[in-house]
């Protein structure tokens, strides 16, 4: 079923091209986040310091989305590391994942402008959850039945890793619940993500 | 006539650079689509949810163009897979193709803003049709007489593949006809494209 | 003097990274040209077709700059093809060249907005001339005394190629003179460039 | 502790992907600087030349940031050259460094709009200082105890190189002091940076 698998150099080149394309999309998405932090026009020198400080919700949403994309880039990394071939389904799952990644600057912008509104927080969390679920789906698709991975790969270890990775969408989905009480609290709950990532990595490297 | 052909490592590196450049252009074009989905300024909390929902034509045009570019990236992939060398004509055909790819965010933006107008739909379809015709032209140029491909390549199979690929510009050109009756129907006819792509791929993988 | 020369794999990787970086900058510069072709807001359906046609100076400047950057990318290609090592001077010449390449969207935008004004044409031509002169300087620096090229490279052939490449800045500098009579004529004189490029390539491939 | 070290091809590929990602981010950050130099709308032909000249603070901030990013790209280059493996800490240090790199277009824009105000100069200098300190931290982390470098690497030479590299943040931090007397003088003091870079490079290549 796979268009190309195994260690052939042609398959490797094609797979490299998919990974390279994904990396380029990540690099652009993470860089255009700054375009949202615009400098206001026509301020007097006296107003300037206050107005620059007043942009802090935009700085915060920049930092949050940068960290989220950094976590996702590394997760994408981990998903593709054992993959040795590809097929049309993997390519489309990857494009859907990238569609969610590229969309993230929009809720980031919402968060920077209307961070206290529930709707902003919900859209952000939903976008991030969809992206991470697609990543888990890619890992599941590629490894199940050793479809696109080396035959000697330990599927049980991959399954455990995937369960740990599910912490990311779970945090985002729970934060939608929290947002009904306090959008701000929901936003800060995402910081659990970084902690989660560090934890997963630590547990993993010990194995 | 070709500047470089065959399996020499220098030719391979140059060809890789052309493919890499094209991939980077695709990655940027697909990512800047989101810049068109701007967050409106200065809304009250009460207005916000409605106004965000009201952006749906922009979300829709984002999704359509993302899928179109994903299909074209894969088609570019398939065209270049058998190519082993390059010459000035191939480089220029590729640049003309990329010029059409890079232009796509403009009709995407038209579609998001004035999606019910025939003019938006016609410009979008024309742009997409030109891009896919250039891709077919590249494949024809590279393979005819084994100009830039391996001598053992089955030209007949490539010819059939090219005929199947013509489904893409045909769908877009037909949709221009449909737009005289209903621009919206024309737009939805593009979804045939994804179906077409899946079909082509399925037929192809079976061979 | 060179930090790295010869066929060592480390030097090759570093040189690849410089070339890759330049290609990425080209890809981005060529793609963001479309951001200048913005869709006007708030038009009535009746106005739309006329206003879209009325954007033709923006389409024209998009096409011109796309072609100019395509020519420069290929010229950069030709300059780097014989280069086997690098040093700090080459890296800085390359950055200055890229600074001129990245600047080009600004005069492109000027041309799209104020294409009939001499000042737009002069700035565009000056920018393009500086970029192509830097490219010639890079070629001269890398090859003179076989500084960063293979010892067997035919320097005389490189010198002739460089003289031909000087046609590009010459066309742009002459067009500044023409702009005193007619900015529009100056702009169309740049089309000589594409003809020049085709000619150089043809002459070259015959050698 | 390291996820991957040594000369294995898998580790090398992963490390290449980190370096490639960083290069792509640099390429995008350096290219979007030009988006800040916008063409003013609706000017009469008579006003145009003056208004274009009047944009000089934007040209100046474009040139400064382009040079700063060029210096940082090369410094990143030098830091990664001896590195042979990576771990989670290096990846996160690199992301924090890239977060500072991607942020730079914001103070660049401030500088172009409000270059005479101290607040603009201070934010720019702080951003640049943080980026260069993170680069030094990465070098220190990777080399200390030969953590992620080849065992034969001369750590003493790396330590001296790092001390020289500290000139960059020192210049930026000193310029914050200067800005209390004259923001413009502080800005020009950054030109010391280019001189410093040339000096470091010269000293280094002599060793």
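Which chain is which? They are A, B, C and D, in the order written, and residues in each are numbered from 1.
Throughout what follows, a contact is a pair of C-beta atoms (placed from the backbone, for glycine too) under 8 Å apart; a residue touches a chain by one contact, two chains touch by 3 or more.
The structure displayed is predicted, hence computed values, not measured ones.
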| item | value |
| --- | --- |
| Set of chains whose contacts include both chain B and chain A | none |
| Copies chain B and chain C touch via same or different residues, half shared test | different |
| Superposing rotation of chain A relative to chain D, computed on C-alpha atoms, to nearest 5° | 90 |
| Centre-of-Cα separation between chain C and chain B, whole angstrom | 25 |
| Intercentroid distance (Cα basis), chain C paired with chain A, Å | 36 |
| Residues within chain D bordering two or more other chains | 20, 24, 28, 32, 35 |
| Complex contacts: residues of chain B adjacent to chain A | 19-20, 23-24, 26-28, 30-35, 37-39, 41, 43, 45, 48-49, 52, 62-63, 66-67, 70, 73-74, 77, 81, 198, 201, 205 |
| Residues of chain A touching chain B in the complex | 1, 3, 14, 17, 20-21, 24-25, 28-29, 32, 35, 87-88, 91-92, 95, 98-99, 102-103, 105-106, 109-110, 113-114, 116-117, 119-120, 123 |
